[in-house]
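Each structure below appears as structure tokens.
After this come two complexes, each holding chain A, first together with chain B and then together with chain C.
Moving on to the complex of A and B:
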């Protein structure tokens, strides 16, 4: 528990530094209109966390199908719920950036298409979970669905970019780009760490919540109040 | 060999049942014809400018096919559950056979739908097909790919509370990459320009292989109790 507490304090300090640093410590990156480059400290970590969360959810789903241990299903759901949240955040921030640099909030750039499909897949995943009554079926089906969905992801990576060319600035804004100065890099890397930390903290919260809920449900039925 | 024989037996049984009730076929074909007529009435052959025609027509064609398919294919496992024959099927054969048989049946339905709708569509919209062989291959592999995915989804929703809506919601994200490819390829086949690489057909085949193999692994998990 003490470890937990220190981690939380470290995370708070880190996140506050990222928040202040991103607005006060760094300079604007060259080649971007106005202050718009600062969105990179939020948009990129959010997108990274979303991808990580969905991948983790997939891994937990496979482990669940292998071991049939309810805890892995809980981890898979919590992880995909958080992934969904960060995916929406990444979409909103990306869309703001798109308005500033490309001129419109939404123009079906391959990145925008793929993030929307991700949201649709996980929207369907939650719809499936809420529609199946049997607990065991629910867990199996959602794990199977997320595996099937994962199998279609390579097609997006290879097909969608071929239809149109992406305008996404992942080449110019790459952290390996020597044009970006030290301050920019420092805040950017710390932002990645901070967002990842926040994700794992939220994951453990959600996971413990689900475990308590499960315990509560079990108590409820065994007492048979009326 | 007995594996394929059993799958074909299941296909035969499903066709026989379908001929008795005509439930799925009626739903699919009526849906398809209604949308087809609405579309052709409102954008008769010359409403759209010449250069825009191929991609608009390709998109419309696949919208008609996919949504009418979704309206009927969801029934393939629901009808077993409603007739209380699900457990019998579970006892009499292995899960992979069930998947293959049901997929064959769905493919048959889809190909039949395409056989009826596509010629009428081409006629009503006055489309001159530049590369007929390319279109036929796309329709064939598109039908197989769609039914491979929707069979998995149909098996899952058979045990859910809301069925029809959920089926489309679950199928659409999974089939999206295939649909984009099919529309792109169909647009190409409507045009006169030469087709150099068979990109779309290759993607469709790859999709069928990936989904087919994965489904054979995952279907037993859904099917077994």
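Moving on to the complex of A and C:
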């Protein structure tokens, strides 16, 4: 978790470099129409963070089911929420890329459809959490659902786009791709690091917030905190 | 850079700078609240 001030400052500098570098330091990658290759600095890291967040949510859910420690449920729900957010961002940037390359924001391409189904599956996770009133049941049901939901992630992200005909480029960000130069790969890798860092920072904030809520609920609410 | 790209560049900078500043702000607020709750629970 990111709690150290220096780490946050380093992350801010890194993010600034990615923001400026993606437009001012890099050239357009060959094989991409117009300036569309610059979307890769945002779209791919956001998709990566979404998959990582859903994986972490599944891991925390397993630990919760094993230990029945509320802190792991907090981490699982925080991770799912952030995964959902980054999944929406990846879908938005992906549809911008689709508009530039395929002429339309939405094409019902297998990749687009599978990310939409994934969003609905995780949307149901939040619906389930809000539908159960008993706290223990809520945590238990949502942890089990998180495991089931994650089972679909590899299928929708990695398998469906590969067994169907997709417009989505498959190996453009491979470091061995000769169309990508050093500067492009440098900014891309730093973007991956920066977005991962931002995710862990957000996760730590959300987790601390849920812990505060829990503590506050246990306290006498008549205490004046102002 | 074309004018469209300049607009996207500026919007992108504004959005992500806003997000990072907001994270710093929330971080500080949560830190303050944590300290207050800690202090209040010690006093009681």
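Note that in this section the second predicted complex is superposed on the first by the 200 of 226 C-alpha atoms of A that agree within 3 Å, B and C clash if a C-alpha of one lies under 4 Å from a C-alpha of the other, contacts with A are read in each partner's own complex, and residues count from 1 in each chain.
Following the convention adopted for this analysis, contacts are C-beta pairs under 8 Å (C-beta built on N, C-alpha and C of every residue); 3 or more make two chains touch, one makes a residue touch a chain.
Nothing here was measured: the structure is a model prediction, and the numbers come from that model.
Q: Quick check on the superposed pair: does A:216 touch chain B, chain C, both, or neither? Answer first, second, both or neither.
A: After superposition on chain A, A:216 lies in contact with chain C alone.
Q: Let me test your reading of the model: by the given contact rule, A:141 touches which partner, first (chain B), second (chain C), both or neither?
A: The first partner, chain B, only.
Q: Comparing chain C with chain B, which touches more residues belonging to chain A?
A: B
Q: Regarding the shared-chain residue A:19, is it in contact with chain B (first), chain C (second), both, or neither?
A: second
Q: Applying the touch criterion given at the start, work out whether A:200 contacts chain B, chain C, both or neither, answering first, second, both or neither.
A: A:200: touches no partner chain.
Q: Taking the superposition on A as described, I'd like to know which of chain B and chain C A:102 touches: first, second, both or neither.
A: Neither partner.
Q: Between chain B and chain C, which residues of chain A are contacted by each of them?
A: The overlap between the chain B and chain C interfaces on chain A is empty, containing no residue.
Q: Would you mind writing out the residues of chain A in touch with chain C in their complex?
A: Contacts found on chain A: 8, 11-12, 15, 19-20, 23, 35, 42, 198, 201-202, 205, 208-209, 212, 215-216, 219-220, 223, 225.
Q: Going by the contact rule at the top, pick out the chain A residues touching chain B in the complex.
A: 65, 117, 120-121, 123-124, 127-128, 131-134, 137, 140-141, 143-145, 147-149, 151-152, 154-156, 159-160, 162-163
Q: Could you pull out which chain B residues touch chain A in their complex?
A: Within the complex, chain B contacts chain A at residues 149, 152, 156-157, 159-162, 166, 169-170, 172-174, 176-178, 180-181, 184, 199, 203, 206-207, 210-211, 214-215, 218, 221-222.
Q: Touching residues of chain C toward chain A in the complex: what are they?
A: On the chain C side, the touching residues are 1-2, 5, 9, 12-13, 16-17, 19-20, 23-24, 26-27, 30, 33-34, 36-37, 40-41, 44.
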